[in-house]
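Structure record follows, encoded as structure tokens.
In this document, chain identifiers A, B, C, D, E, F, G and H correspond to the written order of the chains, with residue numbering beginning at 1 in each.
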Amino acid sequence: MTTDNMELLLNVLHKTGLSPEEALELLNARLTHHLGFAVVDGGRGIRSALPEIVLASGKSTEEILDVTDSLLSSTGLAIVSRLEPEFSGRVLERFPDGEYHVRARMFVAGDYRGGPGPGEGSVALVSAGTSDLHAAEEAAVVLEVMKADIRRIYDIGVAGLHRLSETLPVIRAASVCLVFAGMDAALPTVLGGLYRGPVVAVPTSTGYGTAFGGVTALLSMLNSCSPGICVMNIDNGLGAAAAALRMIRSPE
Amino acid sequence: MTTDNMELLLNVLHKTGLSPEEALELLNARLTHHLGFAVVDGGRGIRSALPEIVLASGKSTEEILDVTDSLLSSTGLAIVSRLEPEFSGRVLERFPDGEYHVRARMFVAGDYRGGPGPGEGSVALVSAGTSDLHAAEEAAVVLEVMKADIRRIYDIGVAGLHRLSETLPVIRAASVCLVFAGMDAALPTVLGGLYRGPVVAVPTSTGYGTAFGGVTALLSMLNSCSPGICVMNIDNGLGAAAAALRMIRSPE
Amino acid sequence: MTTDNMELLLNVLHKTGLSPEEALELLNARLTHHLGFAVVDGGRGIRSALPEIVLASGKSTEEILDVTDSLLSSTGLAIVSRLEPEFSGRVLERFPDGEYHVRARMFVAGDYRGGPGPGEGSVALVSAGTSDLHAAEEAAVVLEVMKADIRRIYDIGVAGLHRLSETLPVIRAASVCLVFAGMDAALPTVLGGLYRGPVVAVPTSTGYGTAFGGVTALLSMLNSCSPGICVMNIDNGLGAAAAALRMIRSPE
Amino acid sequence: MTTDNMELLLNVLHKTGLSPEEALELLNARLTHHLGFAVVDGGRGIRSALPEIVLASGKSTEEILDVTDSLLSSTGLAIVSRLEPEFSGRVLERFPDGEYHVRARMFVAGDYRGGPGPGEGSVALVSAGTSDLHAAEEAAVVLEVMKADIRRIYDIGVAGLHRLSETLPVIRAASVCLVFAGMDAALPTVLGGLYRGPVVAVPTSTGYGTAFGGVTALLSMLNSCSPGICVMNIDNGLGAAAAALRMIRSPE
Amino acid sequence: MTTDNMELLLNVLHKTGLSPEEALELLNARLTHHLGFAVVDGGRGIRSALPEIVLASGKSTEEILDVTDSLLSSTGLAIVSRLEPEFSGRVLERFPDGEYHVRARMFVAGDYRGGPGPGEGSVALVSAGTSDLHAAEEAAVVLEVMKADIRRIYDIGVAGLHRLSETLPVIRAASVCLVFAGMDAALPTVLGGLYRGPVVAVPTSTGYGTAFGGVTALLSMLNSCSPGICVMNIDNGLGAAAAALRMIRSPE
Amino acid sequence: MTTDNMELLLNVLHKTGLSPEEALELLNARLTHHLGFAVVDGGRGIRSALPEIVLASGKSTEEILDVTDSLLSSTGLAIVSRLEPEFSGRVLERFPDGEYHVRARMFVAGDYRGGPGPGEGSVALVSAGTSDLHAAEEAAVVLEVMKADIRRIYDIGVAGLHRLSETLPVIRAASVCLVFAGMDAALPTVLGGLYRGPVVAVPTSTGYGTAFGGVTALLSMLNSCSPGICVMNIDNGLGAAAAALRMIRSPE
Amino acid sequence: MTTDNMELLLNVLHKTGLSPEEALELLNARLTHHLGFAVVDGGRGIRSALPEIVLASGKSTEEILDVTDSLLSSTGLAIVSRLEPEFSGRVLERFPDGEYHVRARMFVAGDYRGGPGPGEGSVALVSAGTSDLHAAEEAAVVLEVMKADIRRIYDIGVAGLHRLSETLPVIRAASVCLVFAGMDAALPTVLGGLYRGPVVAVPTSTGYGTAFGGVTALLSMLNSCSPGICVMNIDNGLGAAAAALRMIRSPE
Amino acid sequence: MTTDNMELLLNVLHKTGLSPEEALELLNARLTHHLGFAVVDGGRGIRSALPEIVLASGKSTEEILDVTDSLLSSTGLAIVSRLEPEFSGRVLERFPDGEYHVRARMFVAGDYRGGPGPGEGSVALVSAGTSDLHAAEEAAVVLEVMKADIRRIYDIGVAGLHRLSETLPVIRAASVCLVFAGMDAALPTVLGGLYRGPVVAVPTSTGYGTAFGGVTALLSMLNSCSPGICVMNIDNGLGAAAAALRMIRSPE
């Protein structure tokens, strides 16, 4: 949400005597744009921890461009996820100031103007292997756009325990730990037994055969022997970033 | 962990010049008890957000009693989960000062002596229906034992949206929201669009036919349109409580 | 079915003293064409709510052209579904008066001459997101060909509830509501609690990972907390259109 | 909803100048009862085609009695579904004027005072076998309580096609046809090719081995060659009844 | 098996005083060719109802050519199944007297010299739709090579029952009936109730969404209400042909 | 079908000049009994290879008795399958001349009066283990009632190949071979490579863990390397018997 | 196999000039007993690493007694697995010298007279939790009967890594390591990264919800990041023991 | 691990008085290389039976080259698995002394300098068909690099039992037997009944339809009637090779 919109919200609230619910309703109406094939929800960044993000898959390039345009105009920030490299050219052509992140398959244009709140914590992004980075980087891009403080700790799977041991102090210093792992996904369990903070586990589609495109990693994480491991959908780096933001941002 | 043990930890740390890692190792050794069929991990409450909890299923009653006894002696607190009512009699007979919670199928003896940390947040426990309470109450009992500040908001599923609307202010005031839902589990998505804080969703085994004992609710939650919803194993109230504790307790 | 055929039916019935069953049998025989690899069922539009529609997948282009030709000759209308864009050229070349609908992947040639019955209801087509439009438009094309009165209400998923609220009056005015949603498919449940008429829910293959190509949305819909939600196969817009026609057309 | 409540609604609407939305909100508030473990939604019968029905499974007998009592007081009608015979005694003892339907596993107390609307259609309940009657009768009881006009046509599976042929005229006369079938569920496809009206197919858990408790029947129905077959959850007679009511009741 | 080999078998048996088992062992040894990557089993046509058939998938083109060559030399007949069109050119180049059947994806070179036995029955090949012909033609090619007497009856699915009725006399005249159907696969059940002979049902991968590539059709067939329906793997036309040959050939 | 009915059929056919179709229709009508909850299909034994068999599961004892009575009166034979031992007492009390087969869980009353046709073949019943006998005996009882010539060859699984070798001559002499196996179900493949006649494979629910109640055995059989193995539903001995009857009985 | 039989084998081999294959055939014939419902394979202990073991499930008590008796007579040793406690009484009554192991659900009568071979290795049995002991003890009983040298190391799951560290020297001294774990089964991966010898992983049915009765543990083990982990069926302690024996016994 | 490193290990151990654990820690640190996106674990070949192998899938070509380079420098050997042919060119260009194995999809550069230990056993690689060779050759390449003594015995599936019989003596002479099979995977069971040594079964993705990409073969192997069969992930030739090395190498 842009600073202008933020000020609008304050004006509406303080000058007209509206209740917060009524102010939110007005704001929703003002920030909602009807494109026929889509209803762009520009106010989501106010109601929730993350602004609306455009899921590219299932949309035509024209539709992606129109929604991006609409979000950029109303909120000053547009993030497009799951944008395959072959479509990134046309998007960059239209929005030359934006940036395309290949590994994360994300396009970002504009800035998040909210800035980090006072005393917000840092986020550790831990991966079991190099093949998990597509998901980890999806989270990293979102968190960087949202101005969170992140640490990347990649390829420390438990088949070589010493790699985890030497990075434990960095992990323990973080407020939230996102763990990306495929195959048997044993890392979150070992980590969860050595770290007291919140662990958000993201199964990745790494592996073959009975890895079942990440289902095995998902099931393993859901049944972790270390209690309190939270689990996201397969390869859902974006969701993990949102979960981290929900945890480190102050709710109001 | 008992106050005595806490003091032991401090003594070990400050008087002997050990590094924290070395102190932890010593403590692990002192608090670990070998029963032959089990290795009781009395130090888990120090390393992680939750002390070791005894999973009753798959253990004989004798084994449950012995592990309970061992935990109670070393840490002053024993929690037994998934204890079916027909076995609760023998456990209560042995530990008459404990309490059995029927709906949560939990037995608790002793006290958690850690107390809440300064400025710890509150936890909202929200259920879609009355049939989800077995899981919600499992979380509630654990959180109450751990002296967390909880709110119960039960049976507000989205087939009657007005029930959710009228409780939103209470939910919004909580630091973490645990949502328990079976069947189509639509509640976390609607809630996640109206609440900025962390949402931990627990699928329940409520429903029949293609509810598949909670699998449908789990899948629905993993695919929530509201980004950042964290998901636990089916009926895993205990895990949700642990996740909440990881979030509201300060990491160190 | 063409007007000529309709008259034929009446003549057979009234002039020859046949019972309706016998007339139907005669008609079936006359309107059935044997192509060797296919038996074209030109009389289906009389026996059921929808004429035979050609499923392109699994057929060679030659076979598609021959069946289309046969239906067009005998009934004056041919609809081809699941026709991928790369094959549409050859079909349009052969039937230049037809139209190809890209998003719906449908080809239509000729006209439905039955016309709407007196007092037939309208159909609301509601989608949770833009990525669900391939299925929604498949239904829309069929309903438009069949001269039903439709309303398109797209991209109003419940992660932003206000988008649903503002369109409720339009939805409530419809006789039947078709809802298209992927991922967690929470929309039909919320809608079903606010709308008294029949709801036909179509899961879409939108999503990734544990969306399982629409299976999660399907399961969610089958387990809706709002009773009386009817469910179709994944991405089955055509079936949803047929269900709507069964509901709004008078049975006889 | 009772006649008294209906009048209340009219008064609120016409005398106080409230909009329908506001009136509904007031009504929701008045008809909602908070029992701590449940929020009884007495107004659901006004907003939707079916009043709230108590799902007994997952509730204690005390809870069932309390919710039943609350519904009976506020709306004059209470329906309890999935009530196993061994619990029916205590329910009948408390509500001696109610009736327990063994095959449908349903308890009904009080009356639906709405009555059928003018010109409402009839509902045909068709089963493939005798083993499907538990689901068919669940639908039948609900429809009878709601004063719908029903026809029972049981055990006419297509392994003996003549049984279907001789009942076709009765089926064709109905406005809606509910079909209950397990195993391969071939009946809805054959029926759907011979009947123009809406077909609601309910898979039943009849069969063994790869019948998978009704999953095979469900999948078969979702993939029916006859377009426009609507499908419900396994054994969901109640849902099928609700779907029928949505179709035959006038929406307003 | 060639006539020469047949004579060899007789000579071995009658002239050397060997038991049938010993003769078979000798024959196996003589007709088995070791290619390093494969052990070609030229004697299978004697021990079983069908000679060895080369499954092309998973083999390199070189390997396909070598095995084909080996079979042709030792038995006078080579059948290659699942040969995709793009590889057929090289195979035809090497064996220009052979024939490639596009729809069945089969290549055949040489002749079966056994000929039909006296009084062997005929085989009806029935398909529900045109999209099932890839599997039906795989069976047809094998049966024609093996000189069986076949009837093709295609596209008579039960959504238009009259198409089945008019072909029943032809079906009833056959000794064995192979039925190919995808989607809900209702045809074998209806047919099995009207035909007394053996029914071999082949599920096809026709359909989309919950058709699950033929799994739904398979499950439907396994749970047929008509007892005695035999089921093959999905799209396994070759296996159905082998089953038919086992039934119509005299065992010795 | 009783002799009396058989004569009726002949009379109808020869004396009244009816076509076979018309005669069948008349017969169907005469042999069909409407019990309200069931439509007993006494003519199935004429149209198909097996008379109607009463599936006990899902029926009340009263219903089982009524259907048995109806079949016995009209056809002289009643077979009840899946009748659990605890219900057999009441059935025997009502039909004291019948017999209950514990292992097969079948009740038989009356006689099949058709008798074997001239030159009918024999059926070999082969099981991999002793734990498969519940299914094998279900087939055996049906085949004995239908006066087929059967051979029992039990517990010859391929972990001890010599057990199979020594019984091969008996198997090879049979016209049809039914194979019952659970777990990995390797027996049908080995047998199918050594026997030329039709093989009907019945997966059994024997095993634990990933045996998945017979699903693994089913999948193994469907993917047999020996072509032409026919597969039935799990534990479906009755279906295997029906398949064998379809094969050994002359179609007319 | 008893000493007497061992001597018989030697006599047959050395005195009669038979080839080993012929001797084995003779022995198979002599040690095979036909009980009608079972063919007892007394020679399996010679051909394979483990004598025949009686699987109790799916057999009547009479059958269990008869097979046990047959094995005891011919080989001097009988092991019955999966014998539920309620049936152990009758077995002990008949064979009072045997022993019933409750946790392993195994009955053993007689002795294995083979003895350990020279230089055979030891087997470590490691479990993640106490709830896995039913499977671990099944393996332990078999290995003890077969006179293997075993070490029990129970309840050292990786949520508390120090429990594993302190037992590593014992594990590393073993020739083979059997690991029993349920839920997420992270233990074999961590162990496999710290131990060079063969690891046989046995998933257990410990856990609930998405533990799916051990399927999740199985999948996790199959996808272990530590290469070379061998996996057995769920709860298959017996199979793990057999695998260990195959590894530590000299093949000849 | 290179000879130089080996000497380093000895020096560290014997000259500095370190315990083996401390020496291993030092070595781990020295042989671990941090590339940012990967932490290369050069010491794995010392701690486990197999050095680290680079899984190409999920990595960019640049990353593959960098990790290969790092391993080659520190240990003198780099193995890349699952390297698709289209990427092999660039890898060979960079490491021209390496070799690419097409069928195994593996690249190998450098040498394993450990050499076989004294008295190490041989490994038999057995495949059921030619289509299983992609997995068998993956194991063969690894074993050859590790200087194991291997035997290839391909295409001896049990549909032609004589092919197995004639190779049994070679198989029986091996210390370990790796069996590769798809479809119904009956071969390991038959083999396991005829061979006393360890059997490692690798399911392959060979087959179609319900072969489910190797899942059926996997399930069949897990449920083998021959006890003690160890199972690997689908197509996991590399894992099977590692398992064999764990078995034939002396643990220390």
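Here is the rule we use: a contact is a pair of C-beta atoms (placed from the backbone, for glycine too) under 8 Å apart; a residue touches a chain by one contact, two chains touch by 3 or more.
What you are looking at is a predicted structure, and each value in this text was computed from that prediction instead of being measured.
Engineer: Name, by label, each chain that touches both members of the pair chain C and chain H.
Structural biologist: A, E
Engineer: Using the touch definition from the top, what's the fewest steps needed to get from chain E to chain G?
Structural biologist: 2
Engineer: When chain C meets its copy chain E, do both sides use mostly the same residue numbers (more than half shared) or mostly different ones?
Structural biologist: Shared-number fraction below one half, so different.
Engineer: Return the chain whose centre of C-alpha atoms lies at maximal distance from the corresponding centre of chain D.
Structural biologist: Taking each chain's C-alpha mean as its centre, the farthest from chain D is H.
Engineer: Fitting on CA atoms only, what is the rotation between the copies chain G and chain H? Please report it in degrees, nearest 5.
Structural biologist: Superposing the C-alpha atoms of chain G on chain H needs a rotation of 180 degrees.
Engineer: Looking at A-B, C-E or A-C, which pair matches G-H on over half of its contact pairs by residue number?
Structural biologist: A-B
Engineer: Taking the mean of the CA coordinates per chain, how far is chain B from chain H in Å?
Structural biologist: 42
Engineer: In whole angstrom, how far does the Cα centroid of chain B sit from the Cα centroid of chain G?
Structural biologist: Going by mean C-alpha positions, chain B sits 38 Å from chain G.
Engineer: So which bits of chain G are touching at least two other chains?
Structural biologist: Residues 44, 47-48, 129, 159-160, 192-194, 209-211, 215, 218, 222-223, 226, 233.
Engineer: Can you name every chain pair that touches?
Structural biologist: By the stated definition, chains touch in these pairs: A-B, A-C, A-G, A-H, B-C, B-D, B-G, C-D, C-E, D-E, D-F, E-F, E-H, F-G, F-H, G-H.
Engineer: Touching residues of chain B toward chain C in the complex: what are they?
Structural biologist: Counting only chain B, the residues touching chain C are 128-129, 157-161, 183-186, 189-190, 192-194, 207, 209-212, 215-217, 219-226.
Engineer: Which part of chain F faces chain E closely enough to touch in the complex?
Structural biologist: That would be residues 44, 47-50, 53, 172, 175, 192-200, 218, 222-223, 226-233, 238-239, 241-247, 249, 251-252 of chain F.
Engineer: In the complex of these two chains, what residues of chain D are touching chain B?
Structural biologist: 25, 28-29, 32, 36-39, 41, 43-44, 47-48, 55, 57-59, 63, 67, 82, 203, 205, 213-215, 218, 233-236
Engineer: Show me the residue ranges of chain G that touch chain B in the complex, using the header's touch definition.
Structural biologist: 129-134, 154-156, 159-160, 162-163, 166, 206, 208-211
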